[in-house]
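Look for chain A in each of the two complexes below; its partner is chain B in the first and chain C in the second.
Here is the complex of A and B:
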């Protein structure tokens, strides 16, 4: 976002070339479009967006938002919220707020990383499969069928345990099981699009695959894939938390799931009052984040999917 | 349409929230309404305890940790055993005599003892147990290595010859289980012999075992040679959340943490028993794998850097005794209070490391050797000690040593520990002093303990002192030798004892009140039967 602001600033100060002005106009269009979309959101959608924004800020400015380190003891163990540690401390005396800020970063990295990888990868596979057709399409569709039948979470557990608990592995494993839906959506759209007369005529005039993809296919299916990606983000965050909760996450990552894992492994935590901060806050953060993502993706659906339109 | 849907979402969220809160709190109000004034019951029909898979309860099928051995001991007997004070007590042997040179023991076997399948127990079975367990080593324990020959004098008397005198010989016999000849004779793969194999002479018969569910069912043996078992049936059942399972009566005894003790205090329905144990977490140094660790002052630096009191406060929630570098528990009769203690001193630790040539030239907090390599170690621990490892990592980081934690499940950790596949390792074990694992003398052969060779530690003086104290019959002189041994061990810290746990157990006296004061293990045989 800051680079866009820079661009606008530059326009004010110096003489500009037409190329940059084109970019700026595009950026302005984009901003205007985005704000229009946001304005059309329902209250819940706006709230969801605000919560997501809050977490993004938390993640980016984690070291500044929390005074205490996220990986070192900074107080007495299991201090209740209030005072210096305003969300309390865990059994080792590590500040919960600092851990949650760090966790926001991990969750976003995992969520966005998976969504980008799975959404774009899956979308591309879908386009190719739909447009090329034939044997390749048959092969890819059967592959997708297989992926759909495989229960993903058990296999994820297996793979996470096998590959070792590193953040990049978690992202890869999650992406491996998430591309299917984007691919199917993309393919079905392409199958419909390629029979449209304007595509047929473009083809007649000699438009190549790449040209068609760039000019017609991608713009048409991007909104659908974008909604799918936001959904995937939520799913990936939950799955990462699930894997961490089971003790298969990256033990150094301090993700929300890991905080929950340590809290629930504390013997008899539900019979003490410690869960009121050690377990409740990471759970609350996780729930808020995922619910907000769901709200936003639902709002966006209205623009992408004509069936949901008012 | 969307407005309605969002409303539904919000309402369902609220309902879910209140429901989950209700679940968490709800259990509190249901309990503790009835407070029976009945005196504790000394017998019971069924006792249920938290399960878990600890292997098939034969000397060959069990998992070599306490819970596995204790379940096996419900079924099998040794010739003699030791009581809580270390006194030798009769089991399948009723009398024993030692020859003057201490090399031959004559044991008289108990008469009219029957195996669970009604066949009589005779000296033949003892000899078979010796020969078979020599051929196939049991997973833990077994006949002491010192035994040279076992022969039958008659059907009720046996003679054991040993290599050299050993004061602990009779107490070592307590880990040698008698197995029936008619069952095992033709078994060539004892570790996988798990169909109707659990036939012993002990007070309980195994009637059910499920590896997958971690459940066991033991039923009292009506023909048991000792006194009548006080509990007719012992069941090990799955218990997810043990506190909840206990309060709902799904299990009859539970070990608890100090944090939840207030739920049971001043409530006549419950009785709390507390124990000081010699079960300890220890930090092991693999000197064979990392030569840096072979340097005595390096290990001393680590001993200074690790704040054992803080570990007691944080990890054990105060319910433990900080470890003594001399390995022995301060309440052990042979404890040497004068051995070095290494009170927490990060500065001293740093000085020691600096004097070894480790410097932090680029001031990133991690020390480097003369080649500029970072001082970094991998610490292997199990899930249960992951938090312990986390704090140790912080302590060592303060002294300039980087620790990378590798947390694995317990069985993997045990296997890696046994094979020496670690640099630093946290392992915990109970039962006695464990100084033998610092020697190269083959000891009791417990599968979860290590040897000096595996650790890359070698001090002939330790071996010599250990052997000498084993032979010493005079308790005063033995204490002196043990004192010397602890002095050396504490000075060299080949392993660092982190803390000795204390144990708190809660039960309902109205259900069963026969729990032993001597052992904190709820599955221990002494809770259910007087031999």
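Here is the complex of A and C:
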């Protein structure tokens, strides 16, 4: 009797220790995996990652990194870089560096918001479409075909113009036109996986939809969607900048695109030196961010999908 | 083959119908009174309240008292006749304004498509022939960096460096106004001089995609058996490259040319605004600024339908030139 109790006891113990050690091992695996992936990046990929990290830190610590307010005048208008305002000020005397820190935050919110909505939403639509099949699949595929051929930027302008310039509206509009790619990826993966023998046998053993989803489909599809989401982040940031540049951005948001919009709308911008700080720095930040995201997603693609090689 | 073309046609027709219907529904789904904006010029202005009779007259005048399905049929009928409404701000029919601006946009987009395809293909093939040598490596690096920069950002820096800074190119517009041209050539030169920077910005940002596709497609073709046969037969280098390799490598590029028109048009709208080029893009920004919704909708409709029609023809042409697809 006592031996049985002992056995149960030790079993419990080992179960607990294995659970915790399993977690530790998983965390270690994750860290090792990440560092391995990063180490195998090319120089461009590493640079891109560093730039993105820099902007994330800038966005998170925006209020601490910049002394001056981003929405209030804090000096003489159009001061050149140097001294207290080390990237200069704009025509209202607002510190450019403060605006750019704020812009990093807005860019990340727009990029990540759109990517999460479009990536997860699109992925879900793709999974359902591929798994359920039938009329629903046909309908969704036609819808995707239509979405693919419609030029998205004009529609975005139309929608943004009608919905009004609010950050949440812009994120929604961008997401509405970005889910298609993730849905297609998820669907094609599901269609392929459904025919695999191990899925078939799991089904024969009575695995339900939810079980299959959790155990087999999601782990296979998630890396692909994750890479796609990084790409979507970059595209969303570009589109937001484009809309803001056209004057359709949220006027309270102070995104990089909006700063560029104000700078280029300034009458004397072409004939003065002001562009050398007012326009150049937001331009530089935007370009660096967008290209870095593209490089990192390009590098990650090789890990998520072994078929894609250089 | 006929059958396939017909299904494609129906698909595109449905897409165009969806776009038109969206265009019809959108303003009607948005809450608000259309005559409120018409009567008060500024947001800060006091809203001018119309009397009940005036309101009714306006609703009747614009046909808004009819049931929605009737409005829809009227909308379709007028659209077929080429009537896209009346601009609130410009006080002109929308179709007239749009048609006046459309040629400039088409000119810019087509030149960018042509140039980026030509240069991209040549460089891509060059890269594939010198694979893993320094030509290939440096081209590849250059292309993946520049293809990721959006065209309007590229345009901005080109504008400030070459037009504002160095003064090599004009700052805005498509022609020199009030200029007296001695000959037709001078006029053409003037147009090219104005279009050079915007077209360059669009071309460079579009080049990368074509280049990568050309490089990949050429590399696969070069490894094919029939190419080894061609070399083994002792054909001259020129004949192998142009007759055997290039012809086959071009196929995927042709589809890309047309399918990328949509994104190119999006880029063109922004680039036009950078250079104040008098196409549809600048018109769109102006009408967004003054909230001239009929014009925004008109531009959207014309641009979308142009892109869709181009895509449809791409499909047909592609099937004609690649016999493998139609069989």
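The rule we apply is simple: the second predicted complex is superposed on the first by the 282 of 310 C-alpha atoms of A that agree within 3 Å, B and C clash if a C-alpha of one lies under 4 Å from a C-alpha of the other, contacts with A are read in each partner's own complex, and residues count from 1 in each chain.
Definition applied: a contact is a pair of C-beta atoms (placed from the backbone, for glycine too) under 8 Å apart; a residue touches a chain by one contact, two chains touch by 3 or more.
Keep in mind the model is a prediction, meaning the values are calculated, not measured.
Trainee: Pick one for A:291: touches chain B only (first), chain C only (second), both, or neither.
Mentor: Touch partners of A:291: chain B and chain C.
Trainee: Touch test for A:247: chain B only (first), chain C only (second), both, or neither?
Mentor: Touch status of A:247: both partners.
Trainee: Per the contact definition in the header, classify A:270: touching chain B only (first), chain C only (second), both, or neither.
Mentor: The answer is both, since A:270 touches chain B and chain C.
Trainee: Report for A:145: first if it touches chain B alone, second if chain C alone, otherwise both or neither.
Mentor: A:145 sits against chain C, while chain B stays out of touch.
Trainee: State whether A:154 touches chain B only (first), chain C only (second), both chains, or neither.
Mentor: Touch status of A:154: second partner only.
Trainee: Examine A:72 and indicate which partner it touches, taking first as chain B and second as chain C; both and neither are also allowed.
Mentor: In the superposition, A:72 touches chain B alone.
Trainee: Pick one for A:209: touches chain B only (first), chain C only (second), both, or neither.
Mentor: neither
Trainee: Tell me which partner touches more residues of chain A in the superposed arrangement, chain B or chain C.
Mentor: On the superposition, C touches more of the residues of chain A.
Trainee: After the superposition on A, what does A:32 contact: first (chain B), second (chain C), both or neither?
Mentor: In the superposition, A:32 contacts neither chain B nor chain C.
Trainee: Tell me the contact category for A:260 with respect to chain B and chain C: first, second, both or neither.
Mentor: In the superposed model, A:260 contacts chain C only, not chain B.
Trainee: Return the residues of chain A at which the contacts from chain B and from chain C coincide.
Mentor: 44, 247, 270-271, 275, 291, 295, 298
Trainee: Name, in rising order, each residue of chain A that touches chain B in their complex.
Mentor: Answer in residue numbers: 42, 44, 72-73, 77, 91-93, 247, 251-252, 262, 265, 267-268, 270-272, 274-275, 291, 295, 298, 302, 310.
Trainee: Touching residues of chain B toward chain A in the complex: what are they?
Mentor: Residue list for chain B touching chain A: 1-3, 6, 9, 13, 24, 241-244, 256-257, 259-260, 263, 313-315, 383, 386-387, 390-391, 394, 405, 407.
Trainee: For chain A, which residues count as touching chain C in their complex?
Mentor: Residues 44, 142, 145-146, 149-155, 157-159, 161-163, 234, 238, 241-242, 245-248, 260, 264, 270-271, 275, 279-280, 283, 286-287, 290-291, 294-295, 298 of chain A touch chain C in their complex.
Trainee: Which residues of chain C touch chain A in the complex?
Mentor: Contacts found on chain C: 11-12, 14-15, 18-19, 23, 26-27, 30, 141, 144-145, 148-150, 152-153, 156-157, 160, 163-164, 171, 261-263, 265-267, 269-270, 273-274, 284-285, 288-289, 291, 293, 296-297, 299-300, 303-304, 307-308, 311.
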